[in-house]
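Let me begin by handing over the structure; questions about it come next.
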Amino acid sequence: MEQVGARKERGGAVIELENVAYNYGGGELLSSVSLKLAPGSFHFLTGPSGAGKTTLLKLCYGDLLPTAGDIRLFGRSLAEMDRNDVALLRRQMGVVHQDCRFLDHLDVAENVALPLIVSGRDVGAYAQNLDELLNWVGLTHRSHALPPELSGGERQRAALARAIILSPDVVVADEPTGNIDWEMSQRLLTLLVELNRMGKTIVVATHDLGLIRAAKALVQARVLRISNRRVQLAGADL
Amino acid sequence: MRALLSLPKSIWRRVTGAEAQSDRVVPPSGFTAQLTLFASAAMAFLAVFALALSLASGRLADRWEADLAAGATIRVVTPAGQQDAQVAAALRVLDTTAGVASARALTAEEHEALLAPWLGEGLDLSTLPAPRLIEIEETADGSFDPAGLRLRLAAEAPGAVLDDHRRWREPLTRAAGRLRSLGWIAMVLILATTGAMITLAANVALAANAQVISVLRLVGATDAYIARAFVRRFTLRAGLGALIGTLFGVAAILFLPSAGSSAGILTGLGFAGWHWFLPWLVPVLAAFVAFIATRASARRTLGGLT
Amino acid sequence: MRALLSLPKSIWRRVTGAEAQSDRVVPPSGFTAQLTLFASAAMAFLAVFALALSLASGRLADRWEADLAAGATIRVVTPAGQQDAQVAAALRVLDTTAGVASARALTAEEHEALLAPWLGEGLDLSTLPAPRLIEIEETADGSFDPAGLRLRLAAEAPGAVLDDHRRWREPLTRAAGRLRSLGWIAMVLILATTGAMITLAANVALAANAQVISVLRLVGATDAYIARAFVRRFTLRAGLGALIGTLFGVAAILFLPSAGSSAGILTGLGFAGWHWFLPWLVPVLAAFVAFIATRASARRTLGGLT
Amino acid sequence: MEQVGARKERGGAVIELENVAYNYGGGELLSSVSLKLAPGSFHFLTGPSGAGKTTLLKLCYGDLLPTAGDIRLFGRSLAEMDRNDVALLRRQMGVVHQDCRFLDHLDVAENVALPLIVSGRDVGAYAQNLDELLNWVGLTHRSHALPPELSGGERQRAALARAIILSPDVVVADEPTGNIDWEMSQRLLTLLVELNRMGKTIVVATHDLGLIRAAKALVQARVLRISNRRVQLAGADL
């Protein structure tokens, strides 16, 4: 029930965009974007502010529907899915939102455990997992704080922890290091690389070229750049 | 108000098991909760009164109806010696009149009771050459013809005068009927208002929680899961509020000082027999209205948010 | 409901000049606005009815009071020849009785009118040796002593029987008084409910706008500026809602089909004379309550947020 | 009326912290912090995530009251001020919040003009100013969008524009470049430097060491570092 058409075609792409276009009602923001993210690949997404990085990521996790073209997630076309399918799909995709949002009435630990709660899993069984994760992102001492009491960087780390608690097949992170110092971003990067080595597909939107350079030293990452409404593979200059 | 609101809150926590994991994902939304509780309590309180009013005027109408069910009366005014003969003659005429179900001469006691308010009690009618009265009960279709009956009486019992009560009964029963329908209309209005109020409160809550909904969606909650949390909460709140309001309403009616028997409508403002069962439908109805209203509003909101 | 709500919205925009720069800083808060409008309209509607009920039962009480002001009656039951003499004797006794303001024998017509419901119209009382009635009007302090009067009457006019009306009047006027206070209590309850509802709605709005408030503070808005925007909005909304409710209530009372003269309370459910002025106080009061409630709630919220 | 004890003492500090301590109810976050920011100075504030940068800035613009010690803004002690004074004070301090918040029912231009509106100024008189500012931060084409429709970087630029529209004496910016690409952050930096040259006092919290290095090439900036609950002047290693 939870595996929405999960990787039937082992060799196929996890996320596949075919001739996708998108606009928010005004001028075209993205047009004829075709992409194939293979399982286990590591991608960076860059481009100037307002180019459409967040938009493209939202298309990739089914939060927006393309105005033209087709998107296939785990081999299944988004156009064929209903809301329920998308909800189930989300359980296989960990998402770090750019303005990481939380439930402000639940504490950090509960927020991180939220994907377990809404998918009806027994949170108790994941307790150790949760503790380790919180420790990893350095939030153990803040685990009973409410989200509005977190610092900017703490929020981003909590959002990352929440995104990966279900051990999803795909991790999509939008500017995960915008508010984090260099040292902490190195740790997050290491975590993402580790996940990637476990076979997860990783997509990270960032404007932090330093992060990309650092990643390239650790993993075979492709860099996609949005410019002029197209997505291009960035050259070796990065 | 504090006290009123803190009690339901603690009951509320138990009733809903607010600590249950799946319910915690929707924030407690303090003021909206209080608003819903308060609004449905106030409305239930009013509904109980409207219900009591309807039932009481129903009873009043029935009583007036029964009191005047005789439909018509015949007064037999003659010299004392002839009264019995003319009463008998009039009764014979009535026996063969279409539309008359039964006819009966009032006994002396009944007659006395009727006149007591005006002539004083302990009056001995036999000392007064007062008229004798015959009560006529019409058939259900109420189709007897007063003019024809008058003519026949003139011939057979000249001292008998037909007095048609319908001119008394109709406006009275009409008035009671109107009071009753006023009560029902008030009930319907109150329920509709409650429904509208709860729908609005649910909408306020849903609108205020747009961000909560988007977070829940982000982490893979289905719409059914999200809607359920809101609907359950509002249904229980509305039901609980209405229950409190009903309790207060019933208590108020119970402890309403009762007037003397002469104060018709007011003394009657209570429940009788199985009618005591009816006010308890108010919270059930309120919960049901809240359920429908919140579900519709949750579906609309969830459908509207991308 | 759509139509009901879109009209006030457009009026609202004009009344408040919602486009004015300083008002725009507080978000329109759609559902809370509708809730406030709707709740105060519903409450005003009910308040108008409660007011009408109070006034009508006040009038009813006054009428019953007047009808039975005679206080007591003396029935003179004697053989026909002695009646006039005994009536005169009784009147003499009454003249010298403390607590009796005036006394007067009913005329034949009055007597007839009194008995007509029971004995039929067109009755010639002179053919019946019916008792004569004397109406007694008490002095304002109502301190006459029935037992003493009975003794004196027994001596001077043995056929005269004192019939104290207070046993009729008291429960009736008490009932009307109770109906009137019920109306006032309902009024007060409704106003209190409106106040509570608007306070809650204002709290909901303020709580929902905590972020708006923090942004406004960040850019240097004073608390007075922020509070003003909320207070103005809620006061106008509550007043407007109540005005709409009052209009509907007054219209409903105006077009309530009036019953025959026999339906006492119901026919009376309207306003008379300067009472027409009273329902229009409802929106003013509602706006005032909203003003006080919102200001208190804004001050509390603003004081609470750091 | 609007000049709350404005720089009576020309030589004095605009922002002065004396032995300030702060905690959110738990353990001490900052203790014995003493600082003097002279008019026209340019300061960076760094430190690891959760060290208290945002907290220190909030103390500096009167959003938080110190649990111990005294804070003087424009020569006036915060302890002596009431809410109204703080509100008037804010009109002389442009603040860029870390999670830049807007009024979501007003468009970008109105949000940027908000300080004018709440201080009762005639927005019309500032129209050209507003246009130039929007152009400068590259938001002219988005000026009629609602804030939730902005990208992360666009939000930060709008927040900066809002902070400086009143031409305040002090600009306090909390991670203003967290979501902005390198090129755009250079532009923001240039803008801040320009403001500083006009005599404004600038305080920027950031974890972006690149930004600090770039700034040092343009202006004489001091770098403050929070570590172990203290604020220290960072060495030349930066």
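For reference, chains read A, B, C and D in written order, and residue numbers begin at 1 within each chain.
Everything that follows uses one rule, which is that contacts are C-beta pairs under 8 Å (C-beta built on N, C-alpha and C of every residue); 3 or more make two chains touch, one makes a residue touch a chain.
The chain list, named the UniProt way, goes like this: B, C = FtsX-like permease family protein.
Keep in mind it's a predicted model, so treat the numbers as computed, not measured.
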Those chains which touch subunit C and also touch subunit A: B, D
Farthest chain (mean CA position) relative to subunit A: C
For subunit B paired with subunit D, centre-to-centre distance based on mean C-alpha positions, whole Å: 67
Distance from subunit C to subunit B - Cα centre to Cα centre, in angstrom: 21
Separation of mean Cα positions, subunit D and subunit A [Å, integer]: 31
Centroid spacing, where centroids are CA-atom means, of subunit A and subunit B in whole angstrom: 62
Shared interface positions of subunit B, touching two or more other chains: none
Junction residues of subunit A - those touching two or more other chains: none
Chain contact topology (line, ring, star, complete or other): ring
Pairs of chains found to touch, sorted by chain label: A-B, A-D, B-C, C-D
Contact set on subunit A toward subunit B in their complex: 63-64, 83-84, 87-91, 95, 97, 101-106, 110, 114-115, 117-120, 123, 162, 166
Residue ranges of subunit B in contact with subunit A within the complex: 21-22, 24-25, 27-28, 211-212, 214-225, 306
Contacting residues of subunit B [partner subunit C, same complex]: 1, 30-32, 34-35, 38-39, 42, 46, 75, 77, 114-115, 117-120, 123, 128-131, 161, 163, 168, 170-172, 174-175, 178-179, 193, 196-197, 200-201, 203-204, 207-208, 257, 259-267
Subunit A residues within the subunit D interface of the complex: 24, 46-50, 53-54, 98-99, 138, 142, 149, 151-154, 157, 174-175, 178-184, 207, 209-210
